[in-house]
Amino acid sequence: MTMIQEKKETEGTRMPFGDRRDSPFYRRDIVSVLQFSDDDLAYIFDVAHEMREMVARIGAFDLLKGKLLANLFYEPSTRTSSSFTAAMERLGGSVIPINEVTYSSVSKGESLPDTVRSLEAYADVIVLRHPEQGASALAARYTTKPIINAGDGVGEHPTQALLDLFTIIEELGDPQGLTVTMVGDLKYGRTVHSLARLLARYDVTLNYVSPDILRMPESITAELGEMGVVQTVHDDLGRVIGDSDVVYVTRVQKERFENPSDYETVSGAYVITPETMRSAKERMVLMHPLPRVNEISIEVDDDPRAAYFRQMEYGMYVRMALLALVLGKA
Amino acid sequence: MTMIQEKKETEGTRMPFGDRRDSPFYRRDIVSVLQFSDDDLAYIFDVAHEMREMVARIGAFDLLKGKLLANLFYEPSTRTSSSFTAAMERLGGSVIPINEVTYSSVSKGESLPDTVRSLEAYADVIVLRHPEQGASALAARYTTKPIINAGDGVGEHPTQALLDLFTIIEELGDPQGLTVTMVGDLKYGRTVHSLARLLARYDVTLNYVSPDILRMPESITAELGEMGVVQTVHDDLGRVIGDSDVVYVTRVQKERFENPSDYETVSGAYVITPETMRSAKERMVLMHPLPRVNEISIEVDDDPRAAYFRQMEYGMYVRMALLALVLGKA
Amino acid sequence: MTMIQEKKETEGTRMPFGDRRDSPFYRRDIVSVLQFSDDDLAYIFDVAHEMREMVARIGAFDLLKGKLLANLFYEPSTRTSSSFTAAMERLGGSVIPINEVTYSSVSKGESLPDTVRSLEAYADVIVLRHPEQGASALAARYTTKPIINAGDGVGEHPTQALLDLFTIIEELGDPQGLTVTMVGDLKYGRTVHSLARLLARYDVTLNYVSPDILRMPESITAELGEMGVVQTVHDDLGRVIGDSDVVYVTRVQKERFENPSDYETVSGAYVITPETMRSAKERMVLMHPLPRVNEISIEVDDDPRAAYFRQMEYGMYVRMALLALVLGKA
């Protein structure tokens, strides 16, 4: 847990309710999934599950009333930004939206450390989306308020990885023993890299289904191999779908192919249709980080195993949990 | 009322207060003015009037506390967006603003149905502005949360039509027997088309004053004629202003004219000045959907009959009413 | 106090709590620092100090619950916009953000008076940032709701001037007898002009340190000279830093120089480093309106005398005070 930095309590920073200042998450930054112990993960998911039940029962509540979230997005991501906004507002807190950074002083040359040190004068917690790897860790070093990484380029997007795992747990229970099949662009997909690393903590089997040029990077397969994870590689989903508890689909982008006709050749092979789903188990989930283009045909949406829209909702609960935790209120 | 679709109650969708779940508006979409019965209209305006009185008395209240509105604008409309935001916030609810759609995933090819199905994971009601006719009806088919149409291209803008009629009622009382004169661009003005259709439900006389090339479309005059509405057509406001209870002015856009000099010739004829108002009744209202350019001279603004800024305020009350109604709280 | 215009109480405008409607600030516009008497300033700073203590103790409170602020920005200013948003939300109020004015009807030719008259239908107070001098005074003439000037081009930015002075008071106490040194671009810096004028009300000494072509304008030095302020002019900070209670640094912009090599020659002379600070008093403050580029080296940030990030926080308290005052609640 070396990446978790305890924040100094400073004058001007205050936690009026104070009920859970003893929590190991209070005042911590959320920068990487690597920072969490197994117990941390279990605790986050417990709180997220409580959030789900509270929302189902009463919709919203005032746990973070009077708290302010600065939603600092250096690149647009409507989905992530909206999810954090909804999470904060369902907990009774308020949001300072900072989306137009290209038009503002932060694009006139002000450094990221200066920007977050200014924002911490206003906000109790800062959610940061930035195109450069390491931006969140950098920001975290300069502010006494908690930073939550909402994606830093090719770096990490820890709340996405957490919501993916939370989705699996909520839908299927304990991940131990599950077979998870990842489909599509496994080379460039930050999402599947982080999820694979998180799943490696459990006794899972991972199947990788992709075109040859979009295989899971060897750095990751080697890392997971050392941890004892069973991994298999395939060109064709048909071979493994029948054994899969989870099928996680990502988009194969045309731009990844030098020769457009190569794209045309392979892309169809990774499209999920009702026909595909007929080979799948009765109890399994089909996931996708969204937005989708055509990797999953819309005819599949009504299949109860299609979990990708529920995934969005689980994301809100995970973010509610993290906000409450770092603000000492969960 | 065929366009009103009852939403299925799903797990994850919840109405904690539940006082008015028996309301015919609860969980309904607001897509078109055609969906409302006369009783529906009367009910909406009663609630909007109550909202007006509540705001006058206490400014804001917590009827929708804990509810979230996703304000999804695919094209900018500061006025409409601000009005819905104010309406939600005056009722104690919160807003997820989604204005930068051109920069976000929704512009990277994600379909409207996918976007609203994602947003319904976060929000309790979705307000949608979209450049394409039918967008709101499409969105409504795909989400279980209520959709409110905030304008869909050349289609409808039902809350504008409702606020126009509500303005007339609040300012002058029962519309029965009123003479309403519409001035300016009657050919392309979505606003006057919708208002004319709404007014046709009452025993009104409609005067149309416009340049020859911007007449009210025959499709509408024929439809209203069949309903027994008395309609007259004029080039000149002077003929009818003295008999008008309502003068509704719209902008004549230069771009509508092939020959710019034709524009210069006619545009002046439709400008309202203090001189114009001297011919008007003492008890009447001058309306405009705003923004205005020069169709009404600013010297008229202080005339108590100039109702166009009050119109904005009535719009907030109508939107407060609709939000409360579809969320089962009015 | 001629610039303070009392707003007429109109139907539809309401102050539910009403505790301090007798305040001289209730329903006033905040357009210029010139509008304030010395007593006004003392009162504002008392309230701002109370805000600081309340935030330190409980973070946020519901003084402005149910109140709506329209944050109308015709040009981007993330820092100022976020500060007002935070101020309103920490007081329990809500914000209508209107940032994308270039995309909206306000850029389609609608006049500023029409825009604010529309917005006052929704909001209780309007914060206005506009590139043209006099915009706030113009807006104030047309609306019955209070306007707060958040910068009007080369005109004024009164809340910046107030927060600068408030910073000095909170950090050092009574300004009487202080020596304040202004460094950098004193010719074009709206910030230092306003602050100099405000400080002239106290018995202060002002040192101006700048390149020759960026001297404090004679119009200002003459005005302050008549008020009896001791003013000195320098090329070099070294001469005066040892006597300064406040060093206020502004950015020297390359674009101000006809010959870029002139810029290179002088710019280094106005950079504050730890070495510079060694000549400064033990009890003094180093200020900067931010964003900084390289006028203050980041090694200085940890110096307890470096007050520029605390300045941001003081800005929030001043804006909380002004919002509460004009809404009759302080």
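Some observations on this one:
Order of writing sets the chain letters: A, B and C. Residues in each chain are counted from 1.
The criterion applied here is as follows: contacts are C-beta pairs under 8 Å (C-beta built on N, C-alpha and C of every residue); 3 or more make two chains touch, one makes a residue touch a chain.
In this text, all values refer to a predicted model and were calculated from it rather than measured experimentally.
For the pair chain A and chain C, the fraction of shared interface numbers is less than half, so the two copies use mostly different residues to meet.
Rotating chain B by 120 degrees superposes its CA atoms on those of chain C, with the angle stated to the nearest 5. Computed from the mean C-alpha positions, the centre of chain A lies at a distance of 40 Å from the centre of chain C. Within chain C, the positions touching two or more other chains are listed as 97, 100. Those residues of chain B whose C-beta lies close enough to touch chain A in the complex are 11-12, 14-16, 65-68, 70, 94, 96-98, 100-101, 103-106, 108-111, 113-114, 117-119, 121-124. Interface of chain A with chain B (complex): residues 55-61, 76-79, 82-83, 85-86, 89-90, 92, 97, 99-100, 290-293, 298, 301, 309-310, 312-313, 315-316.
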